[in-house]
């Protein structure tokens, strides 16, 4: 396998006030490969990418593109050299059509005299989309597209651009591409990436090691701004990589199984024949004290909607919910909260936190009633409550007045957790607790989940990966096409193998 | 950080609050008396001419002149007056055209307290009497009713006292506007053959008058004349007529007496206006107040008809427009009550 | 966001989707301003009933079109900035200053000047410069346009008063007024002028890079920037363009009344904003265009005309305007598109 | 602000960079002190007792409106109807002063509160942007005022006594100023020490999240606009008593002035940042400028421009950009 080098870093180095982001290492990227880049937050992945896309300039070392040393002034320059990045939060404008998005800032390619020829643009757009096997109408507003489709449009844009600037082998960087995608969409994404690979280099950044291992030819591990090692896909396995990333081996057992506790049989929540028209068929289940119940199933299996109904952000059309044996009705989140049901959302920054406000505000927001004295909120009590729960969930921050926007993903998640704990929620619905969180923090989150169970909280979880589900839960409900198809118990000693579960899911 | 912020606040507030307890602002007035007019705005010619009169008297007496405009805010008018009283340590006299008629009450109480003499023009609620206040020398107004009557009369004459007319009111809330409208209505009663088919309020504004007139002309294409409560609106209406090609056939009337309307009268596009000489108003108003301040007038002893009265206004139509346009060669601010026409009860 | 409070709206939207399935619905959605057209229809219906047909009489329609011209031009100007997601309150100030300078530079009875037709480029230049300053304050000094343009409005209005010394300036040059009141095939020329301007902007918005990019900025400034849109440059030029159009409107106002004064700038802003909103231009930016501005203005002007024809008490008119504004927007805004309502 | 990649550091940012760390409000305070010094130097009479009373008087009224306005703005909305509300309230007060005496005050306040409540209702329940809602309702309130009385109403001399509750002086300070202080404290407590106040901040900074956390966003929004109405009502009452009159255009000038003072204070128009304390400073800046211009004798023709320029400068310096990635 004699591959041509496309990009080569020689002693690449980047320093920010206070921190050395890249310690000066070598790294090679080949043509026609998918390179998986893994490492904890702060390991230097994003800094490296920002150098490739021209957002940063290296302080030392060389950045060779096709053998030529280069330094980019900005992302457009990088694109002109055939390096493009698909950003985590996406960079598609919802109020423009697919066509307009594809060719934004390159309209001149289609201009006749002063004006742009709409038809020419649309035609080109259709062509470009088809080449990537996408069935998207180029005249639809991107606001009406699914996240996956938007991402595809973005990828199409980058490829089109690289062709525009005549590059045989463009470099495509994808930062956490799958966070916003549904399972089946993820499949198609990787199909497409593998097709693209035939004439391009793809750099893949993701916290989901499974998909990295599955899809990349080569995996590079970074840690603390330094190159640790690299391995071909064949030799890669999750545990090894994670230990390399974290640097310490997690002997205490994956997902902290050994800390798992058995549920008490008192039923805290019972769902009877809950159904949502044309989404979820009548489903019944119970949740016991101290129990961790995993909802497993593909997107569209109805699990998202189910938990939304329990959290109050959606309403079931039929069926009933019982809390400690009493029937309750949940029409709005506040009702759920009133019954000590907390919902830790998948999208922290949008649904979980007020990033403009400080940690105290976020932790206290549910319990101001408790922090009053003589009818008014008491600053002292406020601080005490905040600092107390910050301690409990181990938020790493200088003070309780620190803005949540400036916290790392892990710490933000802990703040959200702290918020619900301070409101002493008995039942927690935890929607993808470890999404976009690096391994070290993940382990802490697992630890917290276990602790909570010990303290008698009950949880309904939906995880990023089947392994995580199996590892964490006492029992799992498997949903498929809006039906409950199976129920499997997962005691610490006898966890079922993912393979057994898979077939009942798909 | 917050601590520091609060500290600065405290400091700033301190700076502002300390003088509250310091005695002062009442030391003897060495500087010359300031003449001040407090008017609505300088954005219309009638009001702008006030300034001319004030400056004229200022030159005559060799005293500084300050113009205050409130741009439609009564509160600003009151505060500007206060500010000036503060600035001059009370060594000032005012001619005030109140933004809204009731504003004379706070002004009167304020200026009584400060011992500042002043004269008001135009607006005053009926039930408020000048002689209830010691520093409010006079309230003078032009007779809105007779003005409305004259312009209406002349307008009707232009089409032989028979036909439809439309009318443009000023700010409905304004008492002068109402008086002039009453004048119109009196004449309408007098000539039953003349019918007012529509009226709109155009807030003294030329643009609004233009648009309202355009719209009314659609509903009533067959009108013979347009009565407007001031020249600005009359001129707006005139342009509207021009736009539909009927300027000159349908005449307009206004009140105030601006050069533009005079020219329209000469062209035979407008029938009449009433000349209220705001230059004179400002000058004489200040002169009266100044006289009171200098002790030439003993306010307490003044007869009531000098405390509040209607002043002589000049009716203008095609017959006398030319001589009026020559303008008053010079103004007489000596004879304080020369313009007296009839007392205001 | 689903709550019991907004459920009625959901029903509405489901109904919408049902409708849109039908052929009628397809038509409805194929036209960007169908909602506004319907509201205009309603207004027309009510008034023609109220004035037994007089409202729809040709002469009245022509009057409405004639009167809508200048507001339309102003609305076409300000809606550009709204599309950027910014706000422009400097309208009245800029119109005042251009109106006054037009008055002083054209043949008039105060000064000796007579620049003749040169006035057109001159007012556009003055307006354009003012707009440019708006743009610079917003982009380079990073001030919220709402407040910076407000400040500009006060400043320029003041300057207008200063140079005109507040008095109104009669014109001696009648050519412009002739143009204003002239008709072409029975249609007021000034209206045709406004429509032409609308057309130009429509093409600019849909067929040129500038247009595409300004929508990109309205959609999401940061992303637009990432994609390489020269955000500042575009914003500044749009503010500038808007200013130029204000200048034009200022000149027309002067021409229409054949005289000029600073106060001609008064009472222009809120009608324009109303027209923008009623026309369906989203105040959050990125949605709507010249078509919306045009139809919006016509609705508002037709409304005022109808109120006069029906002899509605002058002081009820502001209330009626308010109610119409609210209900028109309530019916036409697509809440799914704007997301959170602020 | 760096990561969003908007432009290179503008000059103004660099100036601020040197003073970095200071809370946004300090810049506004700086402005205030600066203006005070300028005017004090410009005219010996600026810092006289009489003039301070004048400033205090006008500041108190503007403060009341702005205190309400800031709550509307904190939710990310805006209230353009404060003018209409003030006018309506003033008319109601003058109309009811004779029959009701003192009780005219609570009545007119109630009217204002109801008006604000209506805004909130339309805005939250029918989900119409507050800009439109209040722009429309402003006209409605004015018309109602006109319906009550087309003529400006003046206070009957019999009820001057009642009005002196506002106009009188205690310990040489105008009651209206003491009123202003009370109003400030009231709204300050509401914002900082009540759940509603906190929820308004939450709403402003992240609406979706606050809903998911059980905040009744409809209620909170409505309350915010009701507070705005309350502030406007207070201002209307104060101003009407001050002028011994009420009429349908009384409040118009306060619409933009209140917004200006809120922004000068450093409150972000996107909501969730800033607040009552900032607004106090903003109000002081506005009032000091307005008074100072007359005191140092700026030419009347120039005053409006002067104000405009000063406002631009004030905001350019005091506006807190760190909160916002995009300036719209």
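Letters A, B, C and D name the chains as they come in the text, with residue numbers starting at 1 for each one.
Going forward, a residue touches a chain if its C-beta (ideal position, glycine included) is under 8 Å from a C-beta of that chain, and two chains touch if they have at least 3 such contacts.
This one's a predicted model, so the numbers in the text were calculated from it and none came from an experiment.
Interface comparison, B-C versus C-D: the pair with the greater number of contacting C-beta pairs is C-D.
Separating the CA-averaged centres of chain A and chain B is a span of 71 Å. Measuring from the averaged C-alpha position of chain B to that of chain C gives a distance of 34 Å.
Chain C and chain D have Cα centroids separated by 28 Å.
One simple way to say how far apart two chains are is to compare their mean CA positions; for chain A and chain C this gives 44 Å.
Touching of two or more other chains is recorded for residues 313, 332 of chain A. Counting only residues that touch two or more partner chains, chain D has 5, 146, 150, 208, 211, 248, 301, 303-304.
Annotation for chain C: residues 3, 161, 165-166, 226, 315 touch two or more other chains.
Pairwise chain contacts in this structure: A-C, A-D, B-C, B-D, C-D.
Per the touch definition, chain C reaches chain D in the complex via residues 1, 3, 5-6, 9, 84-87, 89, 93, 137-148, 150-159, 161-162, 165-166, 221-222, 225-226, 231-232, 270, 273-274, 277, 283-285, 315-319, 321-326, 329-330, 333, 335, 338, 340-342.
Interface residues of chain D facing chain A in the complex, by the touch rule stated above, are 5, 189, 192-195, 198, 201-202, 205-206, 208-216, 272-273, 323. Residues 2-4, 203, 206-209, 212-213, 215-216, 218-220, 223-224, 226-229, 286-287, 337 of chain C touch chain A in their complex. For chain B in complex with chain D, the touching residues are 1-2, 4-5, 8-9, 11-12, 15-17, 19-25, 42, 66-69, 71-76, 78-80, 82-89, 100-103, 105-106, 125, 127-128, 172-173, 175, 178.
For chain B in complex with chain C, the touching residues are 41-45, 47-48, 169, 172, 198, 200-201, 205-208, 210-212, 214-219, 221, 232, 235-236, 239, 242-245, 258-260, 263.
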